[in-house]
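These are the structures in question, set out in turn.
In what comes next, chain A is part of two complexes: it sits with chain B in the first one and with chain C in the second one.
Presenting the complex of A and B:
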């Protein structure tokens, strides 16, 4: 494998890696014919991101001769190669990624100004293809906006905020912080932002919906989009289906797939789930309860149709908390399922990593154990 | 900013008096060698030499020539003492790090002699602070026996190019390996860390390379923990000379310009971790 990126694209590559680091701890690298795929997933498998850099992104793109090369490495090691992000475009002229399969090393060489050459030989692990299954085309709701709009909107929410709720009607979009039903409402700070459909470049809402997802993992994409100036598209459906945020240009495509809370996730079933993120429900300032009440009353009687009027979707069957959009029959074993007390559904993955429940005797280290030849079923993302 | 509250009798008893209109001209350079708590001061007619040592393997020296000081009086051939460098730096910066132009701390450093504390008079904006720091018996600095006749390889680089490399060094690597050679890779810094190894190559014809005199290929490893603090000196400097001798000992010499554009020197000596003769 031999890829060379030059000029400003080196910085784009570095920024893509930094965005992926906001999702998970490992970088999955897979050179495909379509381009270089860089992917990451979070530990609870509720967030997945993929950057596909087409061959045109590179000055030279040569995929390895054996088509099935895939590897993963700690993302911090790769970030260390592109440390001085700010000065990258001033100092680096060329970045070359080569595979040294005899020594199991991925060599990243940065050709810098003044003849300085930085060579990093990173060790990697072979792994299975990491691919979340999703279908943007089948989503009922599509929004597209300039990255500045999204960045400015998200700015109103505290950085520590985990979950955010997005509701749409035929002409408006609301973004609110998600507060657990069992939280004392007099102690919680509620933030709501309403945007008109005119603020969006594209606004196609199939049906009024409300989805809740994790904001933190999304910020990585917003930073990338903002610096590249590319519009961000959001695809989503009913609660429980993943929300997909996508940034595309002629030479790259980035997709961030985030799981959403499913409708049937009633608080009482999730008493244990609070241990997952104990800090989330930390109440904000101690409001005077009468002020809070009047504020809430004011919200509900406002002229704008509030999100509370959004009709709830039909209740989901409780055993089907994950929605797959795969078009093909899956031959693999059951998908990766998070432990039952997690609120967010794990995304359906095409990879065949065995789950802890299926292989109780296996240690967590060997997650990249190969299953059968289902690895040939390399699902490509439907775009 | 004369600190004329002192009487003539006071002044007479000092064997060393060194004054600066801008204390930063001393504190900045001392920060560049401040990897350990204690520093050995050695003053002569030529100026002040401050030495910091680490585990008998590393020595850092800062040289501030007599003509840098606005006032420099020494009544003996050599005056030596040891002080806690951290405390000294805290005192020199006692007025905080004000970056308002034109406002700086004036310093008069006085020493009565053996057994007496080091007295600092610091003034800024009309406020005077007097600090007395206990001194200790000065230890004898190690003589690394590094002489120019024994130098095998020498390069002089503009500091800017090395600064980036040093700030990016993989800290999970226990050693920093320096390879100097008349042929490729010419001048190479290597680290061996948890995620893999990294090499920074400087070609001999780079425009950052001011001097390249390498006679034979040498690869030496030095403990990262000893050399990493030299990044501070590198950050202050505009040029650095890197020399190794036949034993593999490393000498780094930094040319530092102070706030007033005057030149001072900082040097580091380091013993190799293990000898690696060939590539």
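Presenting the complex of A and C:
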């Protein structure tokens, strides 16, 4: 693999990485035919982000020949390469990303002014393809706004605020801070911002809806959008379905997929996630590690809609399963990372087994359970 | 009980916000007393706060364009609310460019001060941001806890040195000691002193001037009977003094302090339409 980004695009690449760092601790990198995919997911699997940089983004783009290279690495090490945005602007002329497969290193070389070369060799881990399943086109509600509007809106809420509720009617949008019923809600300050639909570039609301999602992870995208000046589109459906925010231009596409609170979570007497779920639920005991691979394996063995379907609402048994998985995982992690609201359903992740018709010439690797084909993520990844 | 008020002038809004910010840096919770003519932020001295008390008085007409109040009863036409000034501060923070800000007493799931700001927007319809700040209504029988403090029978009254200078001195002294002695005399001289096992530091200020109280304030003895060089002192917890100096967002037109020898340090900051009094008890 050999990619070269030049000029202003180096800074864009850096900003994308910084954006992703707001989501999760690891950067998943996958060079595809369509472009370089940079992805991240948070520990509770309730937020996912993907930047797809098309080949035109790069001065040179050469995907690896074997077509199935995927890796992940700690995002902090990649951020260290692109540390200071200001100095990137001033001194870096070119950034080259190469794969050194014999040594299992990803080499990032920054070509700076005065012939200075900074070479970073990052070790990586092989991994499965990380892809949340979502379909923007099928969402009933679509809003598009200039990034300034989003940034100004979010300003009214404190940086520590976790969840925010977005409600829409035919001509208004409300953003409120969400307060759990069972907490000290009577003493919490409630903030509500009301915007008219006229402030949006595009406003298509199917029916009055209200969704609640995590604001913190969204800020990563807003910073990126604000600096790039690109409009932000929001796609959402009913509560429980993820909300998708995306920023697109001719050479890149960024999608941030955030889980929303489902209706079931609202009633006060709902099983508080602090209590352990009864063991009758399929516990992912064998898959207690944070490793993405294990999680995907868990998904594979349960009912999955085939790639041809558009799974915006995954089948119920799988939902509960993900729920318990993410909860147990969080209890293990002692809530160190992210906004692990346990009532959020995890996003539906699919390693998506290809159907026989899509694999004319490939053979399935079936020696180990851990290996799985994922040539099909291109299909589920929306354009 | 009813309260509605509105600010439409940007300058007034900014000024009000600065006052609220100052109060929020001094205490986490205080009492907001509303009368027809004034607003007061009151903190009554309690062991929990280290005996510090605060009285901040604003003349309503200088800030609000509209102000309607219906107190608890006809003969007690006032409202006392316990509020966290930080919430008020947060609510005002992002409303600085608002076309108008309305504040009213409402009842949501609990009594609230609702602040609604009309903000400029990209369309013909304004953006409205509403903040509901939970408050506690203080019953009439407890009102006496929050009376205006009496001007103490002070021994010396003196104008403070420039706040910035005083603050930087106190900041540095805080690294060396937990307690500071502030002493002053009627000759316009003030000293800030710290004294520990390892080090003593004294900063001297001269020619500060003494406010001419005369008919205004009460004095235990008239100035002529007190030796002008005799220092009155108060040893206070340095953090309390630092907290007061750090929090100031409004540059006062007059800043002075009254010292009751070894009892109280009474700091007074005056601005055209706002007065802030802060009492720090002396420690042994």
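Everything that follows uses one rule, which is that the second predicted complex is superposed on the first by the 275 of 383 C-alpha atoms of A that agree within 3 Å, B and C clash if a C-alpha of one lies under 4 Å from a C-alpha of the other, contacts with A are read in each partner's own complex, and residues count from 1 in each chain.
As a working rule, a contact is a pair of C-beta atoms (placed from the backbone, for glycine too) under 8 Å apart; a residue touches a chain by one contact, two chains touch by 3 or more.
Given the structure is predicted, the values throughout are model-derived calculations rather than measurements.
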| item | value |
| --- | --- |
| Chain C versus chain B on the shared chain A, clash or fit after superposition | fit |
| Which of chain B and chain C A:117 touches, first, second, both or neither | first |
| Partner chain in contact with A:189 - chain B first, chain C second, else both or neither | second |
| Touched partner set for A:105, first chain B, second chain C, both or neither | first |
| Contacts of A:91 with chain B and chain C, given as first, second, both or neither | first |
| Which of chain B and chain C A:80 touches, first, second, both or neither | first |
| Contacts of A:2 with chain B and chain C, given as first, second, both or neither | neither |
| Contacts of A:198 with chain B and chain C, given as first, second, both or neither | second |
| Which superposed partner A:155 touches (first chain B, second chain C, both, neither) | second |
| Overlay on shared chain A, then closest C-alpha pair between chain B and chain C (Å) | 7 |
| List of chain A residues in touch with chain C within their complex | 149, 155-156, 158, 185-196, 198-199 |
| Chain B contact footprint on chain A (complex, rising order) | 73-74, 76-77, 80-81, 83-84, 87, 91, 105, 114-123 |
| In the complex, chain C residues that touch chain A | 87, 90-91, 94, 108-110, 121-125, 127-134 |
| Chain B - residues contacting chain A, complex | 161, 164-165, 167-168, 170, 194-203, 205-208 |
